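Across the two complexes that follow, chain A remains constant while its partner is chain B and subsequently chain C.
Moving on to the complex of A and B:
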């Protein structure tokens, strides 16, 4: 059993693929539900949440950290939803967060630009040029967004286990490939891989709890031992530590929590 | 007569997968062994052909004109070999010029980055960090190479039908996926796709014959009819068209040649300053 993430551009038929894979494997299928859950849990208007996870942060937003806070909420809701396994996720922001978890099948669905333009024209009833511009703008926005959040290009094939081009292949072929990959032993959930997923969920929960007051933190976790990294001054780090210690009683699964200030942040920190 | 083209960010990994797939399907393997024959046919050194495939555009490296000729010879021979047999092709950059052929499956296999890093570090006796830098440089070089040689970005996943990463999927599993995929009905050759392949092969053959005398020709073929595009000074237009027709007309399979000569604005500008 595995988690499957499907990364897709607009009009790439990724949604259709995800729904059919979910149907065949009997998995849950997630996308917009995560936004609704995050906005509900953290009392953020849905529209703000959608904007935050769809558009790349502007220069101003990078300074006031508003989007990063929303993203932390989203990531926390997302990891808690997929933690229990047997789920397909085809929304934004998922696949890169789960990069280190072995039982995740990471798939990207791509389609020909011309096919995408035709779909956009039909749906929005607009000219070819307008459809072309809208799709390229959307792709660029997603590229910038992923770059700003994870420093990676979503078009980089190395981020995925499979990249399927819907052109010679049909949606049904893509479904076959994904189901075949999900059945591989390498993607089966093991105790170690589940532990990684649990640790990641904990990281996202801790980050969400601290992010509003201390937006510039990075968090790692191993077997429930949480490390919070900050570049802030000593007195702020001290306050952060006091707040972090209280989380031990609020969040299940924390064995130990420590704050490290002004030390190099590990590359896998969230 | 189905064709599988395998490309990889690591030559040995791509070769391993391609050879295993060929063996599994009982297809012929077409790899860099064919370069010796190509070199013989065109009385050129094999090392030059390899250099053209592996070296990027640089000021001190191989001249662009020579490199384009070498690549044209490889392209001509590869397309010729793909016409009449079930083949698995690897290491000849075929994914960049066998385009628009429906019975061709183009697969990009990405090697396990950790394994490549370790191999590179131990082979060269350098640290992992240095090896990572070298690999990144190599990847960005491959992108520049493909853009320069064929005006296509070979790192763009939309150039392929399928991309398989070997980070978690093992080589045998990848071979199985590729072998199963080629049996799909849509990869059976059809009259039209075979005709398209013949057109590509004819165009490559004519271009290869023309390149020595006319380095900037673009050739398109459609059922024996050729359209050749080139640039020349106004006063040379007629002579150039005739010379091209004379060479191209002798090539087997060519029925009619149309030459479009555009104004060579750079030479014209250079002459006006004399």
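Moving on to the complex of A and C:
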């Protein structure tokens, strides 16, 4: 079985597709629940969380790291939810996180711009020009955010296994294709791929635990061996090391944890 | 009978103090020996020349030479070859090993000086102890005692028995044949070994385990603790089916396990394989790591973790490879580079296992670590390869790498000089010390070992202990103390059964041999007991034989050469000898008298 992520813009019918796929395959369907869970778990007001996840960081926010901290909370909640497999996710900012996990079907749903403008006009009761501007602004915001977080453009089709344009294809067609893809052998969960997912979950947990005090860290994990990378000064790295060691007992699944300072950070670090 | 003189009283006092100090161990036994050596001339009991005559004695020089010969044999790996068949027969059980070696040493020492046999076996026993991780204290004492007991099996086994016929000649008594003592001697050897097999756990020191570890493994203790242990694993035949290729690098990343050797099926061994080597089906792996990590790897990768080392036993043997700690030296060209750039695996075929920096141990992904001056790298590899790395000079080795570099190519010379020495002893009957020193010198000249190694191999504790006791024997004889004691004791016994008389003679000889040399005791006692036996209508030959045998009954104090030799390496204390030795001494007398009764019908 697999994890399906659906990346979508507003009014692109992605949500509808996701819910129908979930229904047909008997998978769980996740979106806003993750935000609720994260805000609940880490005691952050939901509205702050949504803002942090939805909007690209402002200049000021780039300095105080609060957004990154919220994001780490969110990612931690997200990975823990999808770790259990058989789930469809169509929320924000989660897709690229699972890039390295083999049993993830990465889907991008796009819709015709005119259709989207019509939907926006109908729902918000506004003029065509305003709806057009609002949709483009929303797309731009999401693009900037993904750029700042992962350095990738969400409109780059190379990031996905499947890109479906809902226009001539109907929602039902899209559901068919996605279900077909999810049944393929190459997306089946194996021991190795599940291990990757578990490692990723662990990375997010460790990062969340350390992020508040040490925002500028990157974490990798392979088979439970966690490595925390920092560019901080020696004495700070030393404190970080002490704190990291205590996590070994707190978080399940950590086999070994080390802090490496001032070494090249591998590209797959989070 | 002589009156008791002041000198005799002084000698008795010195003996008393010496025994007291042996027991309480306020100072080490060899220091007690030096104390005796100095006190006796100060009290005018021996001349200054006699005080130090021990250093030039046959026994002491023989020991020095035989230790050097033993070291030479060990250096060339001959000892390993000698040990292998013994281990094959004996397996891994300590009591079977003790039994096997004890019998071997007893047979050898029945034809040559027991100190020679004991010294030749010492390196072998030390090696067995290290290989099988048996505390050396559990091996040395039983084997040493067997070497002494073996001296009673033939008439040429020990000095007192060699002398015996000469001492009987003035009395016109029939001389003993070479094998006349054999049944008694064998009974003694068997009963001695039996005592240790049955009662070993009660009479041998139990605390020896820690101290042996300390002495044997202290070099490696610290790095080993941090990076785990050695394990051997094998992959099943279907290992590569249905999975992506797994490389050595992957195992390291996933489980923090370092593969340091691997076989290429069918049986080609690759030492320090490159990190992108693919693990194949049906391969054997030698890995370093913590047991929990290795177990985790075996379980999730479907490998078979072996209970003991098999295929790679020789590769991890202490004399071929090991683990060292090396520090990045100031101004070293390695500072600022990563281990990946330095490529130790590729260039030197050694495996970096961990890095220590400021009290932290780093084991994961150390390849990307930027090295700094003062970083310590834990490296595993063959000694040869490690030495090459050391010569490059960029790393300062904090552990010596030339610990035990064997020179198997010199084995022929080592064997040759051993046989030269043995031929000189057995065929040409030249004095033992001369023969053995010839062998030792030959080994040095043919570069089996260099002279510094020869000096280092000699255990000076043993030398001073033996040399210091020799003047005590001289003083005891010269002042007439020994004769006075013997006469007093025998006079006090009066008319008794022959068997009782022989027992008393046995006990007396045992006590004498603890303090004065066994030859001295024999020379002194034989004429006395022969006369006494004739007077008491007991067989005088048997009385002399009891003296000749019982002067080998020297187990209670570490004063016998063999005991002195084994005391240092075995980390024994005088108390250990008293505990085990008392039992063996009593068994010795009982068995000896019993055997004489059975075989000679006294």
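Here is the rule we go by: the second predicted complex is superposed on the first by the 270 of 270 C-alpha atoms of A that agree within 3 Å, B and C clash if a C-alpha of one lies under 4 Å from a C-alpha of the other, contacts with A are read in each partner's own complex, and residues count from 1 in each chain.
In the analysis below, contacts are C-beta pairs under 8 Å (C-beta built on N, C-alpha and C of every residue); 3 or more make two chains touch, one makes a residue touch a chain.
This one's a predicted model, so the numbers in the text were calculated from it and none came from an experiment.
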| item | value |
| --- | --- |
| Overlay on chain A: chain C relative to chain B, clash or fit | fit |
| Residue contacts with chain A in the superposition, chain B compared against chain C | B |
| Vertex chain A, arms to chain B and chain C (CA centres, degrees, nearest 10) | 120 |
| First, second, both or neither for A:173, with chain B first and chain C second | first |
| Partner chain(s) touched by A:186 [first = chain B, second = chain C, both, neither] | first |
| Partner chain(s) touched by A:222 [first = chain B, second = chain C, both, neither] | second |
| Which superposed partner A:162 touches (first chain B, second chain C, both, neither) | first |
| Which superposed partner A:112 touches (first chain B, second chain C, both, neither) | first |
| Partner chain(s) touched by A:241 [first = chain B, second = chain C, both, neither] | second |
| First (chain B), second (chain C), both or neither touched by A:122 | neither |
| Which of chain B and chain C A:262 touches, first, second, both or neither | second |
| Shortest CA-CA distance between chain B and chain C [superposed frame, angstrom] | 15 |
| Interfacial residue positions of chain B with respect to chain A in the complex | 102, 105, 108, 110, 113, 155-158, 160-165, 167-170, 173, 177, 181, 184, 186-187 |
| Residue ranges of chain C touching chain A (in the complex, touch as defined) | 243-244, 253-256, 293, 296, 300, 338, 358, 360, 362-365, 368-370 |
| Residue ranges of chain A in contact with chain B within the complex | 102, 108, 110, 112-113, 155-158, 160-165, 167-169, 173, 177, 180-181, 184, 186-187 |
| In the complex, chain A residues that touch chain C | 191-192, 222-223, 225, 227, 238, 241, 255-256, 258, 260, 262-264, 266 |
